[in-house]
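Next come two complexes built around chain A: one with chain B, the other with chain C.
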Partner chain A sequence: MNLAKETMDWLDRRLGVRELMHQNLGGYLLPRNINIWYTMGAVLLAMFVLQFITGILLLIYYVPHTDKAFASVTMIMNEIPYGWLMRYLHVVGSNLIIVFLLAHMLSVLYMGSYKRPRELTWLSGFILFNLGLAFCLTGYLLPWSQLSFWATTVATDAAGAIPVVGDQIIAYLRGGPSVGEATLGRFFALHVMGLPMAFLLLVGFHLFCVRRIGISKPPFGDDYRPTDMPRSFHHDEHPNGVPFHPNYTIKDAAMVFFALALLVAITFFAPWLFIPPDALEPADPFFTPSDIKPEWYFLWAYQTLKIFPSELLGLASQGLAMGFLALLPFFDRGLERRPSNRPLFVTLYLLGILVFVGLSIWGHYS
Partner chain B sequence: MKKIFLRSLLLLFFLTPVGAFPVVAGTDVCIDCHGGLAGQLGEIPTAEWKTSIHARHRISCHDCHGGDPTDYVKAMTAERGFLGVPEYSEVPSFCGRCHVGVEEDYWESLHGQVVDVGGPNCVTCHENHAVQEATIDLINEDSCTRCHSYDKPALIKAEISDTEAMLSRLEASIASLYRVGVDTGHLEDELFATRNSFRRLFHSVDIDKIRAETAAFDADLEETKATIDDLENTLGKRKLAGGALVLLLLLGGCIALLIRRTYQDQE
Partner chain C sequence: MSEMPASPTERRTFLGIILGAIGVVTAGGFGWSLFRFLSPVERGGDENQVRLERTLVAVGGAHFFSFQGRPAVVLQPQAGEYVALNAVCTHLGCIVKWVDETQEFLCPCHAGRFSPVGQVLGGPPPRALDTFPVTLDGDDIVIG
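Right, the complex of A and B next:
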């Protein structure tokens, strides 16, 4: 008796799993010219799964208390078997996730895949990107290091620039007049419970949108033609396409392997890339380090705050930029997706990347 | 409820990309006032202190000179413990409030015995506000020949140079271990104690005493080195394992791509 076959038969009789699997794996056809950038979703899913696993393992020993947090992280790093590995995988993984999120979003932007009817897919993805940043911001405080304490102090301070409600927002974020036990408690709760739940729901919705609407065809090649926006719901099918499984899942697997190789390489050989010296000292509310810098993915925002004459203007410009990106598919309603036919968009796209990189480098050296 | 919802929206809109930047705590009134003064009472010591090992270890003006760094009006009053600038011969006691052991050996040394008649005190060799981390390079011909010939200092320097070099190497190793997240607290304490005792020894400027006691310090340092070697071996093994894992993952990726090619041929 083949146990696997028996189990499958049992499930199939009750839930029709074979049909379900065929519909979503072998029978799910993708465009023939689908490229490597489409694997970013699978890579991100794998990385997030790893974050959940390492996060849960870290939770076993981490103590969310200002007197014990730093010591508990030190213990994880030095006394718990493979604790250092779990922590470094978690820290390096969080940074690589931002890299892959950016790569995913930039490829979607370049190929115009955000355009209607995929507005909700883009919007949910954009919110997921922001949730990723929120994960990083809240996770930053948890080790209760000098970097954690002062970065969070300044990040929450920036909210004070908002007129009328600024001070209330600071108090709301910190749970008191300054960063302390209450702040650690609420950031911890957000990091390990609030954000993961929101994240899982939103990932579910994002994947639902991708599957329900269908994968967008890469806008390249001679046979590509823009399609009209359908008057009613239409699943974008690719009748002559390639099966999702195994033809494309094996490519997904290859990219997941390469991404994990990068993660492991940094974890074992250069974890300090993402851990500045101030992150190695316990928080001292009475001593402000002079060289605190935000993580690389916040450097552009940090520099923006500095170059504007007031913090409010800086915050507003960031809010406008992020708001514009979030709602881009609602503004950009043209059907053309081929980059070669969208010179203005491609110019702005490249300029946007240059501004992001330029501000980040400026922020790093300023 | 509506208020909370509005605040949450505002937060989402404005705060997500906000990073962090350095701020300077503004509680030290000494720097506020003296930093703006010219010369030896102001900009010179302030600028020098900022480059010093004291500044790096958060030893501020009031830690040496007393007073209250939080009160502009009473900062330099006796009631707040202001000590001001010590007399030349009082400098060893002034520094010795923290550097207790070195002070003892200094007073017993020839240097200490002639301080009342203009012999060298702490700042003669170490500077005052610009005091740097002490190294063997402080013993040099230019410095020592301000008062006497370089023969004896050269002998002392030769005697302690191996131990000093070992101390420097171990400090660098500990710093590297610390940088990758190893809890080096006990090693730092161990080395700190050995280094302090050793530097007490050569503040005696007694070549016979230094010769007799240096071997014991070398033995202590060998023990510390053995612990550091163990830790470095462990890190080396981790890197080997990590390298093997990276290769396996790359191999996995390449195999997956090869399998993908077979599907491509069918397509």
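Right, the complex of A and C next:
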């Protein structure tokens, strides 16, 4: 008796798993010219799963109290076996997630995959990107170090530029006039419960959109032709494509392992890239360090606030840029997706990357 | 003699085996780290000896304290005579209470009763409370 076959038969009679597996694995065909950039979603899923695992493990020893948070993190690093590994994986992983989120977004932009009928896939992905940033911001405060405390003070202070209600928003974000116990409580609750729940719901919706609409064909090669938006719902099929499993799952797995190798390499050999000296001092609300800077992915926003004559203008320009990106598929309604036929878009795309990198470097050295 | 190049299927199978092997090694390494991370940690305060001031324990009274990570109790049944016991009931692990009026321990869970030296007086406990050695050092009681 073959136990695996018997189990499969038992499940198949009840849930039709063979048909389900065929539909979603061997019988699920992807475009023949699908490329490595399409693996970013799988890489991000794997990285987020690792964040959930290491986050739950850190929760075992972390104490969300201003008197004990720093000491509990120090204990995790110094006393708990492999505590340093779990924490570094969590810290480095959060930074790499932003890198892969950016890579995912940039590749989708470049290949025009955000265009209709995939507006909702793009919008949910863009909100997920912002949730990722919110995860980073709320998690940053939890170790209650000098860096955590003052970076959060500066970040929440930016909301004060909003006319009329700015001060109320700051107080609401912090749970009081300044960063303190109430801030730690609400950031902790958001980081470990609120954001993960919103994230899971949105990832579910994002994946549903991807699967329901179908994978977009990469806009490269001689046989690529732009297709019009059908008048009724249409699942994008690729009859002559390659099966998702094993052809693409192997590619996904290889890229996931590459990402994990990068994560482990930084964790073992250069974790200090993401843990500067101010992160090693406990928070002191009466002493502001001289060189407090936000994390690298917020440097562009930090520098934007500095170069505008008023903070309100800086905030407004950031809001405008983010709003434009979020709603891009609703503005950009052309059918053409081939980069070579979209010179204006490609120029703006490259300029956008240059501005982001330039502002970040400027912010780092300013 | 030139060999035939590997087919895409053969290459994919090879890559699958390599990735599987790396996955097993990675899972093993991470699993071991996880096991160690979750293992009980030896903490300070779990020393083999605890020193208490004599004034904490009145004649006929009891003082509860933590010894090697578990609740313990020291008594002074008669002036200058000290007894230290494990305060965990030998029945199902509840913490015994000292009852001044009857000069005995009572387990609040299933009414097990113990004498001041830990002997079972009644109820379901299967054996006496564990005792710890006690020595006197000036004004201190040293347990353990």
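Before moving on, here are some points about what is shown:
Assume the second predicted complex is superposed on the first by the 366 of 366 C-alpha atoms of A that agree within 3 Å, B and C clash if a C-alpha of one lies under 4 Å from a C-alpha of the other, contacts with A are read in each partner's own complex, and residues count from 1 in each chain.
We take it that a residue touches a chain if its C-beta (ideal position, glycine included) is under 8 Å from a C-beta of that chain, and two chains touch if they have at least 3 such contacts.
Just so we're clear, the structure is a prediction, and the values are computed from it rather than from any experiment.
Partners chain B and chain C clash in the overlay (superposition on chain A). In the superposed model, A:Pro81 lies in contact with chain C only, and not with chain B. In the superposed model, A:Arg186 makes contact with neither chain B nor chain C. When the two complexes are overlaid on their common chain A, residue A:Arg116 makes contact with neither chain B nor chain C.
Of the two partner chains, both chain B and chain C are touched by A:Asn247. By the touch criterion stated above, A:Leu57 is placed in contact with chain C alone, chain B being left untouched. In the superposition on chain A, contact is made by A:Ile292 with chain B only, not with chain C.
Applying the stated contact rule after C-alpha superposition, one finds that A:His65 touches neither chain B nor chain C. In the superposed model, A:Met255 lies in contact with chain B only, and not with chain C. Between chain B and chain C, B contacts the larger number of chain A residues. When both complexes are overlaid on chain A, the residue A:Trp272 reaches chain B alone and has no touch with chain C. Superposed model on chain A: among 8-16, 26-34 or 116-124, the stretch of chain C in collision with chain B is 8-16, the rest showing no clash.
Shared contact residues of chain A, touching chain B in one structure and chain C in the other: 246-247, 250, 253-254, 257, 260.
Within the complex formed with chain B, the chain A residues making contact are 32, 74, 77-78, 84, 87-88, 130, 133-134, 137, 150-155, 157-159, 162, 165, 168-169, 172-173, 242, 246-247, 250-251, 253-255, 257-258, 260-261, 264-265, 267-269, 271-272, 275, 277, 280, 286-295, 298-302, 305-306, 315-316, 318-319, 322-323, 363. Residues 57, 60, 79-83, 85-86, 246-247, 250, 253-254, 257, 260 of chain A are the ones that touch chain C when the two sit in their complex.
Listed in rising order, the residues of chain B touching chain A in the complex are 7, 10-25, 58, 178-183, 238-239, 241-243, 245-246, 249-250, 252-254, 256-257, 259-260, 263-264, 267.
By the touch criterion stated above, chain C contacts chain A in their complex at residues 12, 15-16, 19, 22-23, 26, 33-34, 36-39, 41.
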